[in-house]
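In what comes next, chain A is part of two complexes: it sits with chain B in the first one and with chain C in the second one.
Moving on, here comes the complex of A and B:
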């Protein structure tokens, strides 16, 4: 039914895809757990990151190379995330219906960002070069260098995030705020500043993810919609008990998507993923790896 | 001499329901005061208002001679004609209160379930940053005060017993180098043995020279600890008793509720 070589190729493709989803979902979960709201503009952040990266890296822009693109896009999105929080989320923070209001404001943010991209860079699709060229032979299987770089960068980023949340005082304070806001305030923690920081970090990770997405698919102003949906599935499927739970779920979703593309076809894959997600929710409402979840 | 903490005609509650009204209180430096009263009469709400978690409706909170609430009334706006949350001011900022050294150990504090004891204690000194140089409550003194916390340092808060969680709460309060420490029913729901242990620790904290406001239901424990007892009833301080005047539990109850029903 499937040869061993094909199986390996499909599986490795799935894992690479999973790594990319892990990066997007970790960013999404950072805002979700800390602020308790769902950021629908995360997909637009991904698109913005890709376009800023293209502007720096591509010969049609500044032509400074992809590394410069990665650095500038990540830093720029960090700042943009803080600004976004300041303008579209923070003014409504003290409302009782902040969760509902933030759905609208972040959707509005999506529309604004996509229109701005359209105005600045035009609707014609673009493509980014991949980080790393050629293929590398791992004995059983040959993997494109770009995939390897992607997995390595994602692993390093997530390890860095884990170190930040687990070892630094600011990171621990951020976890404290997400677990009990009132107790954190009583401990003198600056909650609004940590909210802004969470948004910044989340956006920076989205920007980085955008550069990778731009290397895999064509870039359009609405290119973030599909990754956002996948990241949403990952976060719900895995739960957010620990910051690692979306990572496992992301690898799972990547593998399922890869195999489902091979066996049932591209157009059925989203349906398959959603069906699995719903089935998991029936059995384990807090997600596969969750025991405690922030209620939305 | 400036008072450590002064409340002037403080009122507050959970809008639209007012819980306490026109509370006046003065705590002098070095004093330990107690609060006693029936459940549901506003003691915890008052403490939450002092620490800024809830907004005071009217009145002032003055800590070490400095007003820590805004002068403007509740819900006042920077721009008069706008009714938006974005431009209404908070009257108090709990972060600023904690950083000034007024530390509130909340009642039944659940803390941070997914963090370990050590992680919680590591972020606790953040409230003292920029205020105290050379923390006089190091982790070693915390561990000698609460030996159990040394045993359970790697455990998540989720897996601790109620008493141990209370110890972490108080320890975190101490690491913030309090200039005044509010303990809201520290022995609530504890077994008699644990309760005794915790009462000893609280006495030790007092002997370290930390001014305390203690709410508790155990009159014997309170009268041994405090200089003054405030009887809190129906959202106001009904009576203030000096150390010598504190009677036993039954007499106190009849003071609050009238003669005992036989």
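Moving on, here comes the complex of A and C:
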């Protein structure tokens, strides 16, 4: 079977993955719940964040250190997300078929971003250092400092997002817009500004996620595809009734992936995850933690 | 009903035109409304009444041509939230509210956009005031909008519009799907809002309500204004009768 030590190691690995997926899924859900579209370029945002972070942090780039990389990648992606929305989503937002059109435009955006990364940084894979070095002894288990920092930063980011959505005027307006655009306009809310902001926040979270992914795996221009798939599973599995729903689902997916990797093997794990997702869709179409409909 | 509203025009719309393909949904419509005046808008289904409101407020689309003067300022190119900030509020035929928010939270969302409340406490007070104005029961302030009956949801929507402290209120068929009793209460509310000095443009299918509260009545047919004036005279106008009943029976 599995020894207790191994169990703890696999479980903690699962929690780290879960935290990463939660960050990605929350970003994906920020756009989906607010604008009602699925942003297929979210994975490319993750890649772009990783490369911008590398450019700032790595000795092969500016060599300014990882903290500078995190800050610049997050801020740059925030601006890039707004630009992306202005160019590829906003011109079509009044069309009745915006959901389908945005599939095409965000996929086109993905291709453009990935090609641009290829042209700027080349196809050779790179890797980022991890945020935090060494190991920390938690008594029962020693875990890499990088894992601890990842979980802490994600927790802080999601807590900040929760505070923003629940406690600030703009955040509450954003939750309101996600329910009913006409009601929001009736109440005097500047809807296009909130849409742009949602895209910016979503992309900033993707940029941050990119830095973490770049520290865990090799960076390639298409490095965002797998995380995007996982985030999609998370969003469907968890539902998006509340912004916390994908967080629970992300931890679940992370743990399942980790244990499945151990017991079933790396290549069967995606199949296991999809099988669970489809099984959940049979039994509870609205997701494990709430409704698919765009509510709060 | 020979009220003499104050002479200052708050909202002046002229040459408003909106086409969908070959269909001229709104065709060169002009009207003005003064503070403390109710302008009724009638017309058969598809005559362009709601499209007129949509084109004025740019929710969800603006006009092809035409100007809108709000308190003397040209506003036809402003986005919906900027119009709301300048005092042009509207409601929809369907109760358009945030279903998962409570009645008072719905209205707070609107208050927050105006910066009038200063603090959360101030926002709550202003929202409660707006709900009081429309006669929403104080005991139900914390009920989720989705749990409220249609009439109360409509009151929440109107309170949301009132929370913007508007000069002009465009009401799009507020009486639709209401019971006769509720329509009576709505009538009293609309008259109360006029007493407060609002300029009101009221689209309505319930003709009896419309002729009772309107100071002037405008009738649209196929996007054009076919009559505008004293409600009693307008409903006797042969062109209006024909538009409503088809070619004289």
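Methods note: the second predicted complex is superposed on the first by the 291 of 296 C-alpha atoms of A that agree within 3 Å, B and C clash if a C-alpha of one lies under 4 Å from a C-alpha of the other, contacts with A are read in each partner's own complex, and residues count from 1 in each chain.
Note that in this section a contact is a pair of C-beta atoms (placed from the backbone, for glycine too) under 8 Å apart; a residue touches a chain by one contact, two chains touch by 3 or more.
Everything numeric here is computed off the predicted structure, so don't read it as measured data.
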item	value
Side-by-side fit of chain B and chain C on chain A, or clash	clash
Touched partner set for A:125, first chain B, second chain C, both or neither	neither
Partner chain(s) touched by A:188 [first = chain B, second = chain C, both, neither]	both
Chain A residues touched by each partner, larger count belonging to chain B or chain C	B
Touching partner for A:95 - first (chain B), second (chain C), both, neither	first
Doubly contacted residues of chain A, that is, touched by chain B and again by chain C	94, 169, 172-173, 176, 179-180, 182-191
Chain C partner contacts - residues on chain A that touch it in the complex	94, 169, 172-173, 176, 179-180, 182-192, 295-296
Sites on chain C touched by chain A in the complex	57, 59-61, 79-82, 84-85, 89-92, 96-101, 106, 109-110, 112-114, 157, 160-161, 163-164
In the complex with chain A, residue positions of chain B that touch it	51-53, 84-86, 88, 90, 94-95, 98-99, 103-106, 109-115, 119-120, 122-124, 126-129, 172, 176
In the complex with chain B, residue positions of chain A that touch it	91-95, 166, 169, 172-173, 175-176, 179-180, 182-191, 241-242, 292
